[in-house]
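Structure record follows, encoded as structure tokens.
Labels run A, B, C and D following the written order; every chain starts at residue 1.
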């Protein structure tokens, strides 16, 4: 069956069209056009929406709402989103960043999806129309969500010093992840960690939290001794992927090293 | 880059007009304007696209092929199987009498590696060809496969390729190419130290930015013009002539401007089947590898395993060097028997060693057939040799660079393959490296020369 | 051949955009990539198809001034846009400073990556006329070169930027 | 965390041309009526610049500027046989064929000029800028432009030449392996400095100093292109590349340029290239083949530098962070 592109002015119409067999949502194209180019014949219809909400960014009262079709380079350039720009810049080279979207990144299988790792640490909400789902829950169930359209993500823009992000890659500056780590820290004025959210990429087939390490950081100082218990349990619950970039063994071995460096940086 | 003209100044003419001048490249204006025409930068009305059905198994018997659904698929013009190929069995170097023919253009009774071509689908669009590929049904009986070279050489190992009993290439010298020079056992007996080490590598892809491919145009006069990015026009023409049983004068290869080769485009893979498709359909046909095919289907540099055993004296002289090299050809020969033999000629490296014993094997396994790549037969050998040199130097407590000076070959030295050394320049390279890298060596090494007795 | 004709009757859609300053209007198969339309319909073969996966950068073009991979961009999404390719950079037979710098700096070997590299570099210089080396490295980080080892390309881009700013001054 | 520095060296040689010879190439040269020269080949330019180098070889031999030489390749209907572009054979084999064809054409050209100037052809020489004159008497001269016109329209002579180069095939002696693999060899010595992160196994190549002996740098800038790119590829082979990361398992082979690892533009070592020239006795203007050997010495030099830095030997290519880290853990356990 020949391919076709169907464009809809509203999200609802696009959503309805996605129910047809062979239909896939076209965001930036980095995943679905590639699939078609590489002979995925199950894909017969690209569905897209030109709904302006998909392309909008609003930051009000420290809370950002980013449309699902907003690209990584738009985020990286946005003056109110400087704190998360490093995570947006971690995705691909410049052309990919001009195309890859927030919505697409939520569905990218490991080793891709570095920006979703940042969103997970930021405790974002994933919006599908009026319905808001916490990102933890969304990611766990995302395979079932593949036939729906994410409209936006929403999260509190972190203070720059509270948010840390690192992508470890073999190839610089744009290689695919060995792993990525995003950390959101709440520290008291004396440096004691009050709360932490740590998200990991490539440590499972989708972004995941390092729950044990988060707990182990609470009440500790951000020193080598202070974070040691957290590093010791950083790998708890992980199931790192093995791929052409690195083995599960290697990822597990270097996770505490990179987490430690990120926390102390 | 610096040209150091103080070395070998007496051997060089410097009264030339064009040679030695950095003239601008005549192809650069085309490159920077995007006007350079590569083989795929042409459009042909009515162009058909060829896609390949490939084996999902490493080793399997083909019990049946059903192409009926694919043939019925909208847009499909022709489906080709082994029986459509006039002379389906070939090997590239048969042209220089390196046989036997051991590879099928399209698989017949068996597949011997994951990715082997089984059925070719020719359709109006790439999309239709791809859809029809998915509709070809091949009934396989999976067979045991072997991936490790030493396992493959053991008795009772699965036989990869019926033309190579024992899973090795049979040279006129037996199951390996050999070089014998001096008395290796005497050398080891004399040595102060003996060191045996094993080195290995896994396959490497040439990875040109332009993938392998061709576009074939049937001319009105029963001739076929094939726009190709082959590295060797007549390898392609002559092998196609054999495979298609077509006189060479019916074939016209056009190429010569290629988006990188690195050895990856020396095989003759895409052209014969595309020309056949053009002949059978009477229409232009394009067969261009996707990036996945370039990475995993096209021949890589072979995996190698190299065992080096050296006898060395406390004063730094290597007195015996025994090398056993294994080249993983994958399932078919392509250029690998040549590469393994080139390795035999290369050892013991650029050093003068009085007692040498070399055995190089070309081994068949159920992996993607390997073939030529930049440094063919030598690159991995040099890795093994030069790491071994470092280990030997440290073993006897000598500076690694000085250790190489002690053993470096010079004009007139007899090589293991019994050619006297001529035109040597290893010593001068090392002298210059010592200076450039600020790696001090004793003055006597800086006074040495590659000239006879120097 | 009946079925073959059936296949030819696929959905075609009209598309209009500006390519290197020239208005283009074509009927294309719906879902076609911009790369395919540029190369096969419009005869601009300066963008290359090195992977069709978005991993090599040889198909890089500018769409409304933004660097894009034409192999992953559907042509229909470029309706009304302005598309620039390497074939459109030279004006009146005079090479663009980047083209001149690549040529004079011996920054091309096989040339297959060159048009994409030049577009990636142009996207940078249009935004950052005097880039740092690090910015140049980032700008070409989605473009693979297998011949040069990148260094001559980085130097050519830096030199084009210098000659540009010299020109402006 | 500790970044540990190390340095390693390697020295190599490399044969020019197809192993054991037997790999012919041909060239045809002819002049146009206005004294431009066409070189007809079936040889392939892979991007290394074969066409440019053949033009310079032809120009030098005939005695005209390079821009007056056009290379016509590769078309099997018009170009005479060439074995192909591989085995570092292009410059040496095809170059020799071009030299021979150009010499033959030059001889006819000088005979025509001699007739026009009423002197002996053996008394003539070219000035390299497009003129032929009597040795020692530069005022007695004729342009190559006029010579070609004369040949075409007055004398009816074809200023053309045929070139063929073949290193005879050598057959290895079965028991001893006595053979002649090659007629000339290029050489190299490389020193590499690395930094190894002993907690992650990551290697940064800080600097590479390469000394290459290549016979003759026919076009130095193009030689530099090859050597710089080759040095990058050597480092790539040492640390990154394989289609089978878990060899001999066939799993997880890379299928794109994201998964097939090579150093990116942010991974470049500070690279220095020094070239020596010991002309090959049988090379065109002394040239040997530099294209392949330039990517070889970096591999063992990197391996040796890694050992120098952290004291572990990785004898399996590529030398990945994982292999280094595993070895470091074994080292610490021991």
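To be clear about the criterion, a contact is a pair of C-beta atoms (placed from the backbone, for glycine too) under 8 Å apart; a residue touches a chain by one contact, two chains touch by 3 or more.
Model, not experiment: these values are computed from the prediction.
J.: Spelling it out: a chain qualifies if it touches subunit A and also touches subunit D; which chains qualify?
T.: B, C
J.: Counting C-beta pairs in contact, pick out the pair of chains that comes out on top.
T.: Looking across every pairing, the one with the most contacts is B-D.
J.: Just curious, how far off is subunit C from subunit B if you go by their C-alpha centres, in Å?
T.: Each chain reduced to its C-alpha mean, subunit B and subunit C end up 33 Å apart.
J.: So how far apart, in whole Å, are subunit B and subunit D when each is placed at the average of its C-alpha atoms?
T.: Chain centroid spacing, subunit B to subunit D, equals 17 Å.
J.: Between subunit A and subunit B, what is the separation of their C-alpha centroids in Å?
T.: Chain centres of subunit A and subunit B, defined by C-alpha means, are spaced 42 Å apart.
J.: Out of subunit C, which residues touch more than one other chain, so two or more?
T.: In subunit C, the residues touching two or more other chains are 7, 10, 51-53, 55-56, 106, 109-112, 137-138, 140-141, 144, 146-147.
J.: Counting only residues that touch at least 2 other chains, which ones in subunit B make the list?
T.: Residue numbers touching two or more other chains: 22, 25, 27, 125, 207, 258-260, 262, 290-292.
J.: Among the residues of subunit A, which ones contact at least 2 other chains?
T.: 2-3, 38, 172-174
J.: Hey, how would you classify the chain contact layout here, line, ring, star, complete or other?
T.: Shape = complete; every chain linked to every other.
J.: Which stretch or stretches of subunit A touch subunit D in the complex?
T.: It is residues 170-176, 242-247, 249-250, 253-254, 257-258, 261 of subunit A that touch subunit D.
J.: Please output the residues of subunit C touching subunit B within their complex, sorted ascending.
T.: Interface residues on the subunit C side: 1, 3-4, 6-8, 10, 39-40, 43-53, 55-56, 58, 85-87, 89-90, 95, 98-100, 102-104, 106, 108-115, 118, 144-147.
J.: List the residues on subunit C that touch subunit D in their complex, please.
T.: Answer in residue numbers: 51, 53, 55-56, 106, 109-112, 136-138, 140-141, 144, 146-154.
J.: With touch defined as at the start, can you tell me which subunit D residues reach subunit B in the complex?
T.: 7-15, 19-20, 22, 41-47, 49, 51-52, 55-57, 59-60, 63, 65-67, 71, 73-77, 79, 81-87, 128-129, 169, 172, 174-182, 184-185, 187-191, 209, 211-213, 216-224, 227-228, 230, 233, 237-238, 241-245, 247-250, 253-257, 260, 262, 272-281, 285-286, 291-293, 295-297, 299-301, 303-304, 307, 313, 315-318
J.: In the complex formed with subunit C, which residues of subunit A make contact?
T.: Of all residues in subunit A, those touching subunit C are 2-5, 7, 26, 28-30, 33-34, 36-38, 46, 48, 73, 92-96, 98-99, 172-174.
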